[in-house]
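Some structures to go through are shown next.
Below, chain A partners chain B and then partners chain C, in two separate complexes.
On to the complex of A and B.
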């Protein structure tokens, strides 16, 4: 019984793994394929690898700065979202004030509208203040949707820390702010890390706002990919090369914090 | 140098009045225990002194200085919390050192002071551990060490022993007593356990419904309770109290008859279970009650009698093997052991 259950579990997991990984492996292989191998009518698992796709897109087509743009946008968005969102979440976790739960719900509602519905107003707004086609506009736009995530996730993490810890820090000689910055933040670090990684990933993967707000200078990698669809056909090898590079930071981060990430994502469910 | 609460009232946003015009004054160096049932305002009083709550009305002073509106960090007060509130991301050493680090104490002195207080509390051997690796008693000691290491004027303790098991609680109680004698600092200790209060306090402040009921030495509180509430709250088992009538110097209530030194009229009579004697059948001040339950709590025996007015508990060291439930027993209330309370207000009559 136990043994057959185990075999079944391994089988199911193997299926899921194959379904999840096949596209990724296919993409990875494609990035090392020549044009003929890519366009072959039957799938080719074995071929002579070529490394031409990477320099072709990142150096010849100058996509390397786009990686930098993506990094700057994602990091700036993450830092901004955490810096604004974490104190807000702390207040939600610790203080009572009239309309608290309504305000908290309001944070969630900012994510309920389809992004496309606010894309145009956002564009008009940034045009008005002269920030279109700059990295800043993308950072601010991304912060709008990451902020609610930070507030929602961090409230749970802060609530898990007993309020006596704040008080102990204050009795030990810290101010209220000092207790938050020097004691509570370090104690919530695992949760903070998980939240930051999620922010980073969401911003890194975001396409719509970046596509609408920047055309040239501040273009992130996601916006660069459609540029590889040319009138002469899609440059699949180069698309795959960009996609592989684009997934690298996510892979690295997810491996680094997967333990905390799982805890962070299942948070509400297991809170005792 | 004294600590004083002057007409301190605390009302919370939800409308509950936790403290109602508290007036309390004690000297520095005392071990003051705030005692009361839950909801009596003892923890609120402690938190007001700490600066974690602000009073709605009234003033709090230390040594004549008004500290009412002062944030906790300027009050020179350390605190031990019921759940210890240790910093889980720091080692035991760093937990204890934290108040010193905030005060930017030089490394050599910091190390010396941490080790000194760790030795005092016998936690020197696990300074490198994390709080999660400590038992309840060890965590408790670390919390006390952290509150004492920077030598604050007052050390507050909010039910610090209530999360420990019974044996450890007794042990820590003795330790705290020793610590107070050795350090000669002011301790303010919150508890609902009257036994803890009796053993630790130089003076006990009994609170009820946000008001101070009695503030006195443990012995006086036990022997001269200021009202019926204190009388019944202090002592295990609780003092027997019974409502009855006094006529011509004789008290009568539900089968109980005894001579009293009290004015005639309705009165509440109180007597401690250990002070009830066994009378001779037919003697003048004796009366007979039917034994309901016999409980042996070595070396004592508790005899519980049910009468029309409630129950009367007797605690005795006498051999009670010959007694069985349902049997009549002759009891005697010695006049010198009696307490008299106003039948209506519950206040002590003399």
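On to the complex of A and C.
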């Protein structure tokens, strides 16, 4: 009785897994298909793979610089968010001051703010100071919303380190800041790494801010994607190739941070 | 609002410094020895605060101001004269497309998040009850949610192509789709399709977090209930659901806030079409601002989007404040 339930449950889960994964696998297959295989009305699961789509879009259509832009934007955003956000999180974890929780909530609103509402005035502002169409504008925009993730996640990680550790480090003659940099940061390293990877993912996947702030120079991969779709004669093999490059690194990263994913996605509310 | 809060800190800051110079004056509040002193904590917390003030509160203030002007890049006569609340008045009273988008977005949020919750909860429960090696399986389930939303839009556009889409083909074969036509140009199919894609993408999110909640449930209440002869259904309703309530609230709110802001996928899939049938609020705000270049009115629309999200956000904060939810999650 119990055993048959279990078989039924595993069967259902297997079906769901197929539904969850097949679309992505199809995209992966499409990126290795020739034109005829893609346009065949009968879906072709088996075909002679071709590798033409990748060079066609990344070299001939010059999408390779977009990958570089995505990388530079994501890495710069991550480094900035961590360097600015982690110290603030440490203060939230250790210190007490009037209005602390209000300020903490205020940081949350930066992550929750609808991009469309912030991007419009940000666009006007960056136009004013001549930063639109540069990587800097996107890095700044991404940093503001990633900051809140760092502050919210790292507060929890820092709070888990007993205060006695700070105390011991200071007994050894370290200054308050010295204790933070030399002792607390290394102890929080796993959490810090997970937070950094999540920042990277969020920045890499982001579309709307980048789409509004940079049209040509400095646009990341996500912004380059819509340009490949035309009303007629979209080259789906090339589109799929871009989509694969835009998603595969993230999936690998996901496996790395799975342990901390729950915490990151719930702003530290659920430990997972 | 926040600048007030920060300025509230500043005067006390000087008071602390003052206290240090007068050691015989008793401390008003006993403070733990290992709290950072103000002098050391300010440089740590200020950069983050200032950055957010400049690049978030600044734009927000500017948007609020722009919303009260007639600024438009498309019409040279409208060069940003102050018009008070005219934009909002027009928005609320005479803009059927705004209200169409608004209710469309509300319906989208309710249906999509509702379905995601039901499916996500069921899957999490199945994994929790019947699967031993949960981590590997959960990771595989997560794939749709980790993809860039733009890529999700692309994938489904490819799958649902009229003449050669893989999913279209099989749906037609099973008889669920009358003819192999383009789903996204059909007024009656486009929103259900977008909702289905959103459910495909975000159900794993619900699963992941509910599963984390299930795995952290304490054992004793269930053991006691079994001893008292309570069946599985009673245990589910009377023990499991109440224990999970903070996490359920958290998941629903986070998803609702995100769904309300939905832009990327729909932009790639339909661009709001056909006509305005799938024009969610974000897409409408985008169109007013960057297609019509009607920036004053667009700012008013963006302001309304922000307002709704802010309300949901403060509900989130009140309902599942991170400490209490953390205690439940442990």
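The working rule: the second predicted complex is superposed on the first by the 243 of 272 C-alpha atoms of A that agree within 3 Å, B and C clash if a C-alpha of one lies under 4 Å from a C-alpha of the other, contacts with A are read in each partner's own complex, and residues count from 1 in each chain.
The rule is short, and it goes like this: a contact is a pair of C-beta atoms (placed from the backbone, for glycine too) under 8 Å apart; a residue touches a chain by one contact, two chains touch by 3 or more.
What you see is a predicted model, and the numbers here were worked out from it, not measured in a lab.
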| item | value |
| --- | --- |
| Which superposed partner A:96 touches (first chain B, second chain C, both, neither) | both |
| Chain B versus chain C as contact partner of A:36, first or second or both or neither | neither |
| In the superposition, chain B vs chain C on chain A residues touched | C |
| Touched partner set for A:12, first chain B, second chain C, both or neither | second |
| Touched partner set for A:173, first chain B, second chain C, both or neither | first |
| Common ground on chain A, meaning residues reached by chain C in one complex and by chain B in the other | 96, 167, 176 |
| Residue ranges of chain B in contact with chain A within the complex | 13, 50-52, 71-73, 77-79, 81-83, 85-89, 98-99, 102-103, 146-147, 150 |
| Residues of chain A defined as touching chain B within the complex | 96, 162, 164-165, 167-176, 183, 186-187, 189 |
| List of chain C residues in touch with chain A within their complex | 2, 5-6, 8-9, 12, 31-38, 40-41, 43-45, 47-49, 51-52, 55-56, 58-60, 62-63, 66, 123, 126-127, 129-131, 135, 137-144, 146-151, 154-159, 163-164, 166-167, 169-170, 180, 200, 204-205, 208-209, 212-213, 216, 247, 250, 254, 257, 260-261, 263-264, 267-268, 282, 285-286, 289-290, 295, 298-299, 302-303, 305-306, 309-310, 312-314, 316-317, 320, 322, 325-326, 329-330 |
| Of chain A, residues touching chain C in the complex | 5-6, 9-10, 12-13, 16-17, 19-21, 23-24, 26-27, 30, 38-43, 84-85, 87-88, 90-92, 94-99, 102-103, 105-110, 112-118, 120-122, 124-125, 140-141, 143-144, 147-148, 151-152, 156, 163, 166-167, 176-177, 180, 201, 204-205, 207-208, 212, 222, 225-226, 229, 236, 239-240, 243, 246-247, 250-251, 254-255, 258, 261-262, 265-272 |
